[in-house]
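Below are two complexes that have chain A in common, paired first with chain B and then with chain C.
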Partner chain A sequence: MNQHIDPGSLRADDGIEKGGMLLHVDNISLSFGGVKAISDVSFDIKKGEIRAIIGPNGAGKTSMLNVINGFYHPQEGTITFRGEKRRRMKPHAAASQGIARTFQNIALFKGMTTLDNIMTGRMTLMHGNLLTQALWVGPAQREELAHRETVEKIIDFLEIEHIRKTPVGRLPYGLQKRVELGRALAADPALLLLDEPMAGMNLEEKEDMSRFVLDVNQQFGTTVALIEHDMGVVMDLSDRVVVLDYGRKIGDGTPDEVRNNQNVIDAYLGVSHD
Partner chain B sequence: MLYRETGDFKSSYAADQQTFPIRSERYLFWGAMVIAFLVVPFFINDYWEKSVLVPLLVWSMAALGLNILTGYCGQVSLGTGGFMAVGAYACYKLMTAFPDLNIFIVVILSGGVTAFVGMLFGLPSLRIKGFYLAVATLAAQFFLVWLFNKVPWFYNYSASGQITAPERTIFGIAVTGASAPPWATYLFCLTLVFLFAWIARNLTRGTLGRSWMAIRDMDIAAEIIGVQPLKAKISAFAVSSFYIGVAGALYFSVWLGAVEPTEAFGINVSFLVLFMVIIGGLGSILGSFLGAAFLTLMPVLLKNVMVGGLGWPTDLAAHFEIMLVGGLIVFFLIVEPHGLAQLWRLAKEKLRLWPFPY
Partner chain C sequence: MSPDFLNFIETVLNGLMTGVMYSLVALGFVLIFKASGIFNFAQGVMALFAALTLVGLQTGQVPFAHLINAVLGTDVHHWGPGLPTVLAILVTMLVMIALAFLIEKVVLKHLVNQEPIILFMATIGLAYFLEGTGDLMWGADVKALDVGLPSGGSFWWEDVTRNWAPAGSDYFGMYIDTLDVSAAIIAVVLVVALTLFSQYTATGRALRAVADDHQAALSVGISLRSIWVIVWSIAGFVALVAGIMWGAKSGVQFSLSLIALKALPVLILGGFTSIPGAIVGGLIIGVGEKLAEAYVGPLVGGAVENWFAYMVALAFLLFRPQGLYGEKIIERI
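And then the complex of A and B:
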């Protein structure tokens, strides 16, 4: 199963080989007034990998994602995405460059149906103007139907056909998480940022979600960066892990390397101060 | 029964996204339209035109406009009266400055002028939300009405400060002015409302509508997935003001014929339209019509029952009517906070499963 989405429709074709550098974060520092959320963090994300960002609460993981997709502007440092260096940019500009994300606390459009939510994910790929939209018949309808086709494939892929026309506010938590993944996938992202995709899920839902993340990664070659607290999931899914603590990077490497890193063990288990 | 289909048998996406996916409903709608366009004009008289049908159409137009802004894009506005005034005065200035211009074009252009003014007053929405935005639009309301009172250029220096619509014709038949036949004014308004309701439906079901609703439901997430807040909000203000401007132009030129700004476009107009939208259903085209119908037809109906049927004195009936309408508003909001449109949707869901609800 899951051979639905045509990888050719993905716009990830940017000349970067699989395993080449997709995103480079250099010496990023971010502070809010006197609070330093991130200090001097650098890491990279290679094309086609699953990269996990872990760390205790308040380590700056979500802030890091917010920096990557342009929602926060770091005071220092640069971000290089697909060979393009930038410091400040608007979130919608990041979106149209191919960075999509999900949120820790679900941020779906609650009054809209599953279908409309996922269709909204294709916003940056649709070009209708006011006039054609007003007339509907013709270009606007053609565009809508073409995108509907892709969106239906995503709906099939995520196995949420039965809730297509349900307003998402009425859906249970696990399904909402899945719809949110669908909305991010709809953008044909080159880089998919997942902020705690499995938070608050039961075992079965976690297994489903892990399967979707792996399928997205392997079948469409989408690069994934995820934040997750469930160490079992992180160690199983990810190719490389970066560990943050108090806004600093304390570890970076394969799951095995990170697991045996003394700094990481200290951060998670605590150190005795005697 | 009205609903006889036994399942969902759509086989194409185009069929799935029709405005009226249920066949019997589609027939019902077109049947009603045929009656509205071809039968009603033969029976309409002055009373039905001036107190029932034209008011209903004008308020429906205004409610559609406000629903686009408040219901779909989530931006609260209390400036509806002021924007209707812009439409009316733009219409008046265009009618008097270009006597040969077709009234249809004049009305559309008035909408365009209002759209521009609405965009200007929509700029604060980029920084402020909710109640604070409502107060900012309230400023628009008071400023615009003050402007049309104070600057004589707008009312062509007439002594009374009023504006009066001259007679204008379409295909040789008057639609404005005192001698316009009821059926002509009615058809003129109906055509415009039909056309723009269709456009509103198209705008709200496509990309633009989704960007509005995304901003309404979760503006930060919307921005992160690629909606440009500036574009979405300002376009909502522009489209909404266009509709309200057209409503204002019709209100002045076709319905009332002569207006005075403080009286006709005061804050009570803003509230009336806002109530229509809330009672009818935020974020629903049908809701705009139901809300407008509720608040224009209910008073007429109550008055007829109380004065005509029960023989009460007019002043008693007038007061009682205000109380009753107020009570009904509260009643409907308690029964269904999402408005009459939601009530209709729920009833439909039940009816479609009736008599086997499983």
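And then the complex of A and C:
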């Protein structure tokens, strides 16, 4: 498979070299009332890499993704995406600048078909806004067809042709996860945030999903931030790993470095924190 | 067919026609509720406001004439013969879209993430505001609305049905109001158009997405604020259609806003989130109320039509609070 998902993409070239800094978060702190979800965490994501975020339950991984795509607004710190520094992201801005994501607890449009779900991923690549699209039906319809073509390619790529017209609420869990990945890919993302894409899958499904993530990264050069609990998967897929525990960063480096980091070993073995 | 049976059919048909009107108003509610979780108390007033504006434009009334006269001591009332009906309808639609923009800018934008009850109260405020504005702009007198739809009983249908009864029986045929028939046809066209729009356009897809999962919709970059403007514009359009129908039938008057109260039992029956529910619910209430009036009315001294819908709604609240098609909703309002 070497067709580009969207050769004419608006986001194909952002002037950042492969390996250059795509995103860095600095000194992020986030709390909910008394609960500190993230404390003073900094790390970066380089263009073209697969960056894993790992850590025990409640470590703040999902919260971190929510900060990056603007669902959560941190009390402290800054987020720099493609050289633009800001105190907080907004979901709409994040999406239109090419940050796409999947959710730990699948968030698909359950009543809609696979095809429609993935089409919504193209939203930010459509010209005009929802209002002008509603009024100028003709041009919008032509554009729709072009997007449809891209979406069909994604459907082929993810091997879900057979469920194109099925309402996703009826699909088994593993396939729903795949459709959700498809929706994120449809945005032709500059940064793809995956929150436990393999959780709850059997071995075969995990292997498929790993292959898709790897292919997306290698063939389209898509930068990926991946939260995953399965250490085997993390070690295989990722270029670099950041480790969170109780909202703090306790490790950052290549899979090998992280694996040999004493703090990380302690956190995973449940050594008491004091 | 026996005259009794034909009378029964006539009652059902008339019930269906009335039901279509209820469905139309309920539809406006459902659209907004699905997309934003807001129970729009102002839906009925929007229908009134649309109808007032339409009549005002059609007859060439000067908006705010009373106010202008009171302040400037002038005596303006009409600026001319008025706009042709089609143009007046288009301009009214533009006014409803502008209203949707205003509501988003002035009210909704500032109430994002608030409790549903707060949004509900905001729509109550909106209802009073719109009612007052309508009064101030166009005056409080009852106005006739004529958009050129046929009205009056259909002689053709009367003749056709007369022959269905056995020869010699004193059956004079069914009465059916042609205005009701046009209203029903227009309502069907409207519902089909809305369905096509939501199924086959990118904007429609975005609307469905937002109704399905807010957070996922945000993550793909759907702007909730645009969606709100669109949904309120569509609800404004539905209100305009409903306003035209009711206005043509019984004149444009402020009691029109009370049709919202009739929509409530329809919504309880059909479920607040279901478009088919709103339609079926409206038809059931319409037919049920006419049948009850015809067959139960004589036993209890009439006026069953006035409370029947609410009794059905009450029964549903007790035994099936989510309605015929709705999802669990009662805790949301």
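Quick note on the criterion: the second predicted complex is superposed on the first by the 250 of 274 C-alpha atoms of A that agree within 3 Å, B and C clash if a C-alpha of one lies under 4 Å from a C-alpha of the other, contacts with A are read in each partner's own complex, and residues count from 1 in each chain.
Definition applied: a contact is a pair of C-beta atoms (placed from the backbone, for glycine too) under 8 Å apart; a residue touches a chain by one contact, two chains touch by 3 or more.
If you're wondering where the values come from, they're calculated on a predicted model, not measured in any experiment.
Superimposing the complexes on chain A yields a three-chain arrangement in which chain B and chain C clash. In the superposition on chain A, contact of A:123 is made with both chain B and chain C. With both structures placed on the common chain, the touch criterion links A:149 to chain B but leaves chain C unconnected. Within the superposed three-chain model, A:112 lies in touch with chain B and with chain C [touch as defined at top].
Of the two partner chains placed by superposition, A:246 touches none, neither chain B nor chain C.
Using the contact criterion defined above for the overlaid structures, shared-chain residue A:96 touches chain B and also reaches chain C. Touching of chain A by both chain B and chain C, each in its own complex, is seen for residues 69, 71, 91-92, 94-96, 100-101, 103, 107-112, 116, 119-121, 123-124, 126, 130, 133-134, 140-141, 143-144, 183, 187.
Partner chain A is touched in their complex by these residues of chain B: 13-14, 17, 199, 202-203, 205-208, 210-211, 213-214, 216-218, 220-228, 235, 239, 283. Interface residues of chain C facing chain A in the complex, by the touch rule stated above, are 197, 201-203, 205-206, 208-209, 212-213, 215-223, 226-227, 229-230. Per the touch definition, chain A reaches chain C in the complex via residues 69, 71, 91-92, 94-96, 100-101, 103, 107-112, 116, 119-121, 123-124, 126, 129-131, 133-134, 137, 140-141, 143-144, 183, 187. Here chain A touches chain B in the complex through residues 69, 71, 90-92, 94-96, 100-101, 103, 107-112, 116, 119-121, 123-124, 126, 128, 130, 133-136, 140-141, 143-145, 148-149, 152, 183-184, 187, going by the rule given at the top.
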